[in-house]
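Each of the next two complexes has chain A plus one more chain, namely chain B in the first and chain C in the second.
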Partner chain A sequence: MIRRLIKDFQGDVLAIPGRLIALVFLLILLLIPPITREPYILRTLIFTNIFVIFAVSWDLLSGYTGQINFGHALFFGIAAYTSALLNTHLGWQPWLTIPIGALAGVVAGVVVCLPALRLRGPYLSLVTLAFPLILLGVIFAFSDFTGGELGISGLDRISNSRTVDYYISLLVMVVSVLIMWKLTDARSSLVRTGVIFHAIREDEIAARASGINTVRYKLLAFIVAGFFAGIAGALNAHFMRIAGPSNLDLFLSFQAVIWTVFGGIASIYGPVAGVYILYPVMEFLRIFPEHRILIFAGIVVLILLFMPEGVAVWIRDKLERECPRCKLSNIAFRRTCRACSTSLY
Partner chain B sequence: MVEGILVNGLIRGGVYALLAVGFSLIFGVARMINLAHTCFYMLSAYGIYTFADLMGLNPVLAIIISLIATTIIGLLTYKMFIDRIREHHVTVLLITLALAMVFQECMILGFGSHYLGAPSFIPGYAEILGVKVSYQHLLIFGVVLVVLLCVWALLSKTRLGIAIRATAQDPEVAGLMGINVSRILLVTMGIAAALAAVAGIVVAPTLVLEPHMWTHPLIMIMAIVVLGGLGSVKGSFIAAFIIGFVEVLVVFLLPAGAFLKGAIALLVMVIVLLVRPEGLFGIAFEEERL
Partner chain C sequence: MRKKLIFSSITCLLLISLAFGACTTEEEVNTIKIGVIGPMTYVQGEHHWYGATMARDEINDAGGITVDGKDYTIELIKTDSNEMLSPTDAAAAMERLITVDKADFVIGGFRTEAVFAMQDVAMDYETIFLGCGAATEELCTRVADDYDTYKYWFRITPFCNVNLVNNSLMTLGTAGAIMQAGLGLEGSLKVAILAEQAEWADAMVAAYEAYVPVMLGMEVVGTWRPSATATDVTAELTAIEDSGAHLILTIISGPVGIPYARQLGELEIPAASVGINVEAQKDGFWDATEGYGNYETTLNTYAEGVALTEKTNAFFEAFVDEYGETPTYTAGTYDAIYTLVEAIERADTLDTDALVTELEKTDRKGAGARLVFMGTDTDTPHDVTYGPGYATGIATQWQDGEMKAVWPWDWDGLTYEGTVMWQIPDRVINKYTQ
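Entry: the complex of A and B
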């Protein structure tokens, strides 16, 4: 049993450079608090973890299922406001408000899905764009209840120590990303959703003709994305201790797009890499407050001009080569496939 | 009040129509959602401020310079950034967003983020139906009508217009018929940027100029274009007036209307799309795969 696990580990993780890099990266993340307790670094990484969940949930909905959503901040913001209201008005604890916030994200996902099921392509994108802006208008109009411009502040902390906060965010991030990776894995024999999501994106009519109830799976994609984006939003509200209009902002919706497309769309590691590169860069650029967004946008433009598929996908294509016969990933310098020894050239 | 709503709605709708027609044109021909579209509107408004106010040039000269400069910037951005990655639709979208941010930051660096105002071209006002309408507003409305008529004539009467419409229908077949598709795309981008520039030039004196002024019109014209049916110029024109009037009505009639105007205009769009998913004048291409 143990020997088999080790063998699987060697075959499925060590032999594929992408997964090896992911493993090493995770180990480094686990070791960060013992190395440095600098609150600024930990704080940046906590928010990076939260936005990883957010970006990956956008990738699941828009990259895999092809429902390009321009209003992803809706799920984030609704969850943030729900947990903030429950926490400040009713005094409920974070371990209760965060799941309820995530459920509010699910409800938002279903509500958005109802019109979205009838629309396709750019129509869908622009209608989803409208929802957070409509809600934002309502929030400003009823500012006594929602705090208006200032938002709701003074939420409970999740824990009193920043190290514990860091490990909680890391744990939630890793578990969420693994679940979403499994759900979108087209080669998995356990769940069929991955291959169905791909089919819906590539050709919805053909998917329907093959007997797939596309409505049900699109609804599922919206629910899953809403749930995880909701978790991210509720966590963010509790770590920031404030839920404000910026959680529903157009810019936040677009940031999910920026991170994901920068890393590589329709690949779970793409948004992970995108957030881990761009969010710390954005924080680092606070040294040049005046040129911060300019440099950030410049980096995004230049990199996308040369790697239009995204950074992580570009690196993966340099490191790995797929066997033409058995579709197994191989490290780039091998001349023959490690399983079926077909020539890779 | 009814006259106030009518006059303001017509002017706002007209400006939106100018912006939306350009946006719709470039979407229809190149299948790209250009999020930097309203940046050209911002750039030309700032151009008027720079040339007419800071440098004290003759208004007509200032108008011509900023129109040409904005169009050239539009063509350059297309040639340098968008043309090379046209195949990747989502990447194009993201590049235009990043470019919009670049323009916004350049304006902040160049002019600061405080509010600026450009001088009116022709001061004074006329009274129509008992409402004081400044000549500037009349000028806006006149320019909008003339420019939109020119666009309509260009698209339906000239060889270039036929080439543009052919490319919009099917780029590959248009290429087979001897149309230089990449040049048509470039020309369309130029027309779209010029339309946005005209909108920016005529409204500059009636607005406060600030580096974030591109976001609200961008959202509104995206709603308009979807409402009218993507790629349909006639649809965008009519939807622009619908959304313009809805905004003005909300501001005039509801308490806290200034906060809700965008929300209600977007709500109208969502409701219309629920009833008619392809927009008012769009055609449902069941087999078209965007």
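Entry: the complex of A and C
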């Protein structure tokens, strides 16, 4: 049993450069607090972890299923507000308010999905754009309850230790990304959602003609995306100790798009790389306060100019080569496939 | 080759940045580091910085500060909070300012949602944070609710938002009294409320609708809510004219303030405009309205030649000379630094808790007002004390191309030097004297 696990690990992780890099990266992340307890660095990484969950959930919905959502902040914001209201009005603890916030994201996912069943392409995108604005209107209409433009502040912390906060955010991020990766893996033998999401994106009519209940799978994509974006929103509210209108901002929705496109859309690891590069870079650029946004935009444009499929996909293509016969990933310098010995050239 | 060149350039850029970063975190001897945090790409943040640099230069040129026998100079650390876009970013900027740049004290802040987040970070590090932008009362009620945690927060400017309503009502009352006396109007005056569609204005509209009849004996004839970015308000103004309103009470912070004031003059609507119009606080208002904005009246912070204290005029003139702009209230960082420095000198220590105690005893005449913090036995400790003899604010009216202070006008005997009488617009005089 152990021998088989080791063999699988060697074949599925160590033999594939992309996964090996991910493993090493995860080990580095685990070792950061023993190396430095600098609160600013840990804060930056905590928010990076939170936004990774948010961006990956957008990738699952829009990259894989093709339901381009320009109002993804709705899920983030509704979960943030739900957690905040439960925490401040009922005194519930974060370990309870965060999952309930995520469930509020699920409800929002179902609500947004309703027009998605009838609309496609830019029409769907425009409708999704409106949802956070509608929720914002509701928040302002009931400002005595929601705090209006001031938001709800003074939320309980998840813990009193920055290191514990960091490990919690890292754990939640890793588990969330692994679940979403598995759900979108077209080659998975466990779940077949990945290949169906791909099919819906490529040609929904053909997918339906093949007997796939596309309505059910689109609903599933919205629910899963809503759930994980909700987790990100609720975590963010408790780390920031405030939920406010900025959680529903258009800017936040577009950030998810930028991070994902930068890293590589429809790849799951793309948005992970996108957030892990761009969020710390944006912090780093504080030393050029006047030109921070300009330099940031320049970096994004330059990278996308030369790596149009995203930085993570570009690196993967340099390191890995797919076997034309069995579709298995091989390290780039191999001449033949490690499984079927087919020539890779 | 070209790709390599680009990657090399980016790598070099990052390395240079790293080097700069290392330089800025270097500890310097005998300096008091004050972080100035705000939306630096907006006028509010710029004025945070301008006010702070003026105070720093004056204090350092005068020899700095002596604390416990050691001489110190002030070093400012400019930090863009990016708070207009992202409160998350603002909180991170605050943490960086305190933990990486090692700021001893922090001043600034503007957008309330972001200031809440920044306040939490500063309190976590027990760092004194002097607010110079956000007006929300809740920032100070936190001090009352949890003094030990939030005692490091003080508000320097502006006064709490509740008092904006007071000032608007008092200005309206002054204008109404002048109109009744000047035009011989009898009976209760009619007031139209014109407020932009914004959440911050909602509570004010409700307060005006309730208090204008009760406090001023005027009749509210209706409320109109144009978009904050509307470019045409003809429909609203025509309806206001039809309502027979003598006065328009405005709540405008957005760009609609320009077309509103211009069309009010162009259409010769026979009603005087009083209230809040942020566009009318700016130097370019007269040109932007092509002179039709004459008589527009708005709450304000400073006006040329109006001495709120004996220090106001010197500050105002120096600011205009240096930066070519009229200071906004966020330039209250000037007073914030002086308040802090004087507290340090009195306490003769940089110990934070001792300074909190000393700051609570503050009673100083700054450029914007006499600053006395609300006591710890009030609902809003560490807030600015409001009223005659303390912070009052002013109202200004555009009179033939010049921004003149017109209020306070005998508010419990208070009329600042340089204040002139509020003028009834010609179009109103023409209507009621025909």
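To be clear about the criterion, the second predicted complex is superposed on the first by the 343 of 345 C-alpha atoms of A that agree within 3 Å, B and C clash if a C-alpha of one lies under 4 Å from a C-alpha of the other, contacts with A are read in each partner's own complex, and residues count from 1 in each chain.
Following the convention adopted for this analysis, a contact is a pair of C-beta atoms (placed from the backbone, for glycine too) under 8 Å apart; a residue touches a chain by one contact, two chains touch by 3 or more.
Worth saying up front: this structure is predicted, and the values here are computed from it rather than measured.
Visitor: Looking at A:Thr342, would you say it contacts chain B, chain C, both, or neither? Reply first, second, both or neither.
Guide: In the superposition, A:Thr342 contacts neither chain B nor chain C.
Visitor: Once chain A of both complexes is superposed, is A:Pro115 in touch with chain B (first), chain C (second), both, or neither?
Guide: first
Visitor: Should A:Thr88 be classified as contacting the first partner (chain B), the second (chain C), both, or neither?
Guide: Neither: A:Thr88 stays clear of chain B and chain C.
Visitor: Output check: A:Ser125 vs chain B and chain C. Expected answer is one of first, second, both, neither. What do you get?
Guide: After superposition on chain A, A:Ser125 lies in contact with chain B alone.
Visitor: Of the partners chain B and chain C, which touch A:Ser159 in the superposed model: first, second, both, neither?
Guide: neither
Visitor: With the two structures laid over each other on chain A, which partner does A:Phe140 touch: chain B (first), chain C (second), both, or neither?
Guide: Both partners, chain B and chain C.
Visitor: A:Leu304 in the overlay: touching chain B, chain C, both, or neither? Say first, second, both or neither.
Guide: After superposition on chain A, A:Leu304 lies in contact with chain B alone.
Visitor: Now for A:Pro245: first (chain B), second (chain C), both, or neither, which partner does it touch?
Guide: The second partner, chain C, only.
Visitor: Mind sorting out which residues of chain A both chain B and chain C touch, each in its own complex?
Guide: Common interface on chain A, chain B vs chain C: 140, 290.
Visitor: Using the touch definition up top, name the residues of chain A that touch chain C in the complex.
Guide: 38-40, 43-44, 47, 140, 143, 148-151, 153-154, 236, 240-242, 244-246, 249, 251-252, 282-290, 292, 295, 299, 302, 306
Visitor: Under the definition above, what is the set of chain C residues touching chain A in their complex?
Guide: The touching residues are 3, 6, 10, 13-14, 17, 20-21, 24, 40-41, 78-80, 82, 85-89, 91-93, 95-96, 99-100, 112-114, 116-117, 120, 136, 138, 142, 199-200, 202-203.
Visitor: Name, in rising order, each residue of chain A that touches chain B in their complex.
Guide: 68, 115, 118-123, 125-127, 129-131, 133-138, 140-141, 203, 205, 250, 254, 257-258, 261-262, 265, 290-291, 293-294, 296-298, 300-301, 304-305, 308-309
Visitor: Quick one: in the complex, what on chain B touches chain A?
Guide: 27, 33, 81, 84-85, 87-88, 90-91, 93-95, 97-99, 101-102, 104-106, 108-109, 215, 219, 222-223, 225-226, 230, 256, 259-264, 266-267, 269-270, 273-274, 277-279, 286-287, 289-290
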